[in-house]
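Letters are used for the chains, namely A, B, C and D, taken in the order the chains are written, and counting of residues starts over at 1 for each.
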Amino acid sequence: MAVDSIKLIDIIKAIADKINEKREYLTQLDSAIGDADHGINMSKGFKAVVEKITNMGDKDCGTILKTVGMTLVSTVGGASGPLYGTAFMKAGQAVAGKVNLDFNDLISVCEAALEGIKYRGKAEKGEKTIVDALEPAVEALRKHRSEGLKTALQEAVKAAKKGMEYTKNIIAKKGRASYLGERSLGHQDPGATSCYIMLETLADQLLDKKS
Amino acid sequence: MKKIINNPEYVVEEMLEGMVRAFPQYVRKLEGYNVIVRADAPVKGKVALVSGGGSGHEPSHAGYVGKGMLDAGVAGAVFTSPTPDQIFEAIKAVDGGAGVLLVIKNYTGDVMNFEMAADMARAEGIEVESVIVNDDVAVENSTYTVGRRGIAGTVFVHKIAGAKAQAGGTLEEVKAVAEKVIKNVRSMGMALTPCIVPAAGKPTFTIGDDEMEIGMGIHGEPGTMRTKLMKADEVVDHLMSKILADLPLESGDEVAVMINGLGGTPLMELFIMNKKVGQILDGKGIKVFRTYVGEFMTSLEMAGASVTLLKLDDELKSLLSAPADTPAFKQL
Amino acid sequence: MKKIINNPEYVVEEMLEGMVRAFPQYVRKLEGYNVIVRADAPVKGKVALVSGGGSGHEPSHAGYVGKGMLDAGVAGAVFTSPTPDQIFEAIKAVDGGAGVLLVIKNYTGDVMNFEMAADMARAEGIEVESVIVNDDVAVENSTYTVGRRGIAGTVFVHKIAGAKAQAGGTLEEVKAVAEKVIKNVRSMGMALTPCIVPAAGKPTFTIGDDEMEIGMGIHGEPGTMRTKLMKADEVVDHLMSKILADLPLESGDEVAVMINGLGGTPLMELFIMNKKVGQILDGKGIKVFRTYVGEFMTSLEMAGASVTLLKLDDELKSLLSAPADTPAFKQL
Amino acid sequence: MAVDSIKLIDIIKAIADKINEKREYLTQLDSAIGDADHGINMSKGFKAVVEKITNMGDKDCGTILKTVGMTLVSTVGGASGPLYGTAFMKAGQAVAGKVNLDFNDLISVCEAALEGIKYRGKAEKGEKTIVDALEPAVEALRKHRSEGLKTALQEAVKAAKKGMEYTKNIIAKKGRASYLGERSLGHQDPGATSCYIMLETLADQLLDKKS
């Protein structure tokens, strides 16, 4: 695998499309345990991201990822803006200056994103947040690294999905849903869901087109 | 949706323009940002106070920008924390060289966005500290969660820390007194009706004609319990018992009281609530030092109210009594 | 009926108790009467101002009792003029020997009750004068009818005549400047929802979800016209065109602006209205000297607003700018 | 005819009963062109009146009427309080000190009441107010004075009724209804109606019982 800047931009655009497609669904999940804006927030952010990066094909991958992060931070607001924003900014730092990303870089990007989210949000696994989807995915990537891109990515997506679904069974300890206490049980976390959607889109982009 | 607006997308921008047009002697807007700063910002040598949050809580926070309170109010989209770049611009615009204190209401989004802005400002060599207000006793406090929300008690932080800064306090001193207020302030609210976020166009929740919601936040989040309509005295009894269970007060103690309307409730009802609050405090031998009745931290047009008690000592009393001159909070 | 009240029969009494409890440094209540007077009344040698009317317009009028504005506010039942004996007690309690000016809103009931009280006071040797405020341009003016209603513009009369009295003006001078304000002030209002008089328990009128009422009074009386919902800018255009048609203003003139919420409308919408008011005045070269945005003369929980313009000269400007210190109107 | 203080109190109580009986009706008339409180105002006032005068049988008629007026003034508020209050106070002055009222006194009482209402309200006939019922009644009393109590009273009630009904055909020029302009047409004036009710009750009391 080798992802150059043009390909990276395509992947991010695909993520933006998917997020926009799931706008209502994510908002609906947030209305049950939050303030009914997660889909609105994310699609607003990624719309701005697409505008910003479309013509950045001549920039390195680190710069592109950093731009995604800064754009999310400065357009989304709320909780998901700083969280995903920090994730992309850290990811960009992890591959600063690179014009091509290989499999190991990809793992670094995901690790850095997770680190960014945990640094910013101070959440651990099991608190009904983005971390519940992202951390299992990163763990799977590491565990299956030796089996190659395809297996590792597929396992990561599977793990993210399982983590996302598990959020139904736990009480929120972070974010707006935590005010609900027990009443947050039975509802799937919107942030974990958007994270799963992004990882799934990433895998689709990398595996279908076999680059 | 019945609102006197033009385009739901631009309510914040139009509101800020209307505000600056109304109060040019107090405030100006930073070009290109939804940030309201003191007309004379930066005030050289004074610690600057920056607060903000989602819009829809007017007069919070921009209404408190002025002498003796805030130096900047940052306005996010309705019920959505502003982004760090907006907050960062506010910090830069008001820093008078003595440092900047951020007054943050305890919501995950607000905390993260303000902290990122603080990091950005520190990277430019500006001294920045922050405090997090969490006065809402409706939400169970726990070290394992994000803790309580910040609601109307925030205005007491603005007032008292603002007075300390105006009096020449250092950043450390201003922060210390802000934290003293936070330690001693408790609030709880209730609502009779939901509100409508302009961009959403429909109510944040539905509620029966004979029901009320207790323990409301200020973003249309559901409260902690729904009950049949109660009389004003019963409502106040309930709110006060929660507040008093959490704020240790003894006979002889002095408090400041705030009866805060959420937007759709007439002053008449707030005064009727204050009657009962006063009676309860009388019964416990707690002295009311000052009372504020009005709309301080609203939730658009929601009908409802919150009660706030602040336990006072001599320092807080003198700072609370200091003059303030802002569009929405004036004290001679 | 969703209200935070106890017994609909005692809302006025309970409200006044809550108010006096909130602001003992400003006001006290006359035992046995629904009359709020300055805590330090009577002020020796100062002309005293007495206003009042039905309750439900809070903070009018008792909220304006204090230094630089009113000496007494008399509270009738909701939307019903107080009786002469109540007004008479107010007059006696605040007369400091320099005479008393009654500021009356132009409703038949108010005018008659205040005039009877004036007669009673004069019979006891107190010098009493009165002025009648009639700023509502929604109602056609005619010498053959009782003329226009008094609405939010009344607050400018309180402020300016109050400042004149505070500055030591004679009864004649205070009355003269009050009449100058009345001559130069115009208002017009609109509503999105009706309100509910507590004792009645049902709305004063019914209105569709997509309709608004233009030319509303402040007692739930129907307005002069009902239309489909309009954008804020269109509403303001309509109100301003009626006001400007009646108040001769030329480029270079200066005005004070008041955007008054009727009780249920959030500040956000009032600021959006003010944006348009400012744009219209800019377009005509009319200068805005001061703007007041908030709830000054309400109609219980009615959603809606009124716009008031006061044409200024140097005397009015200086009196409008004078300090005032009352529970609901403070100016440093 | 001779009305002593006891009888006068009975008449006023009968008026109070009638007003209370017509409470909803008067309020309903006021809701069409006013603020829907005339019946409430009047019955509140007369309830207080009855309490005040019940034990005044040892007082003269002038004092009793004056007390009625003062009580209305201090309990009703709005427009009808000062209007009817002044009417009764003036009526009391007209028969000050008298312990018995004869037919001529009765006419004086009605004349004084009309004078009081016109002094206080500055209304003329044709402006859709109390005056439209009361002035024709007083005119009829004067005109038929020589024909004796019964005829004169019957004519007065008839004239009041005609005046009250006429208010449907005119535009209000005084009071709250005047804000409606043309829209006040077609509605009967509540004040004229309460005035007619009072006069009718007075006649019933004086004629049925032939005192």
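As a working rule, a residue touches a chain if its C-beta (ideal position, glycine included) is under 8 Å from a C-beta of that chain, and two chains touch if they have at least 3 such contacts.
Here the structure is a predicted model, which means the values were calculated and not measured.
**Student:** Could you tell me which chains are in contact with chain A and with chain B alike?
**Tutor:** none
**Student:** Taking each chain's centre as its mean C-alpha position, how far apart are chain B and chain D in Å?
**Tutor:** 56
**Student:** So how far apart, in whole Å, are chain B and chain C when each is placed at the average of its C-alpha atoms?
**Tutor:** Comparing mean C-alpha positions, chain C is 28 Å from chain B.
**Student:** I'd like the Å distance between the centres of chain A and chain D, where a centre is the mean of that chain's Cα atoms.
**Tutor:** 81
**Student:** Select the category (line, ring, star, complete, other) that matches the graph of chains linked by touching.
**Tutor:** Graph shape, chains as nodes and touching pairs as edges: a line.
**Student:** Inside the complex, what are the residues of chain B that reach chain C?
**Tutor:** For this pair, the touching residues of chain B are 2-6, 11, 14-19, 21-23, 55-56, 58-59, 63, 192-193, 209, 212, 229, 231-233, 235, 257, 259, 263-276, 278, 288, 291-295, 298, 300-301, 303-305, 323, 325, 327-328, 330-332.
**Student:** So in the complex, which bits of chain D are touching chain C?
**Tutor:** It comes out as residues 35-37, 40-41, 73-83, 85-86, 120-121, 172-176, 178-181.
**Student:** Which positions of chain B touch chain A when the two form their complex?
**Tutor:** Residue positions touching the partner: 54, 76-77, 79-86, 107-109, 112-113, 115-116, 139-140, 144-146, 149, 199-200, 204, 217, 219-222.
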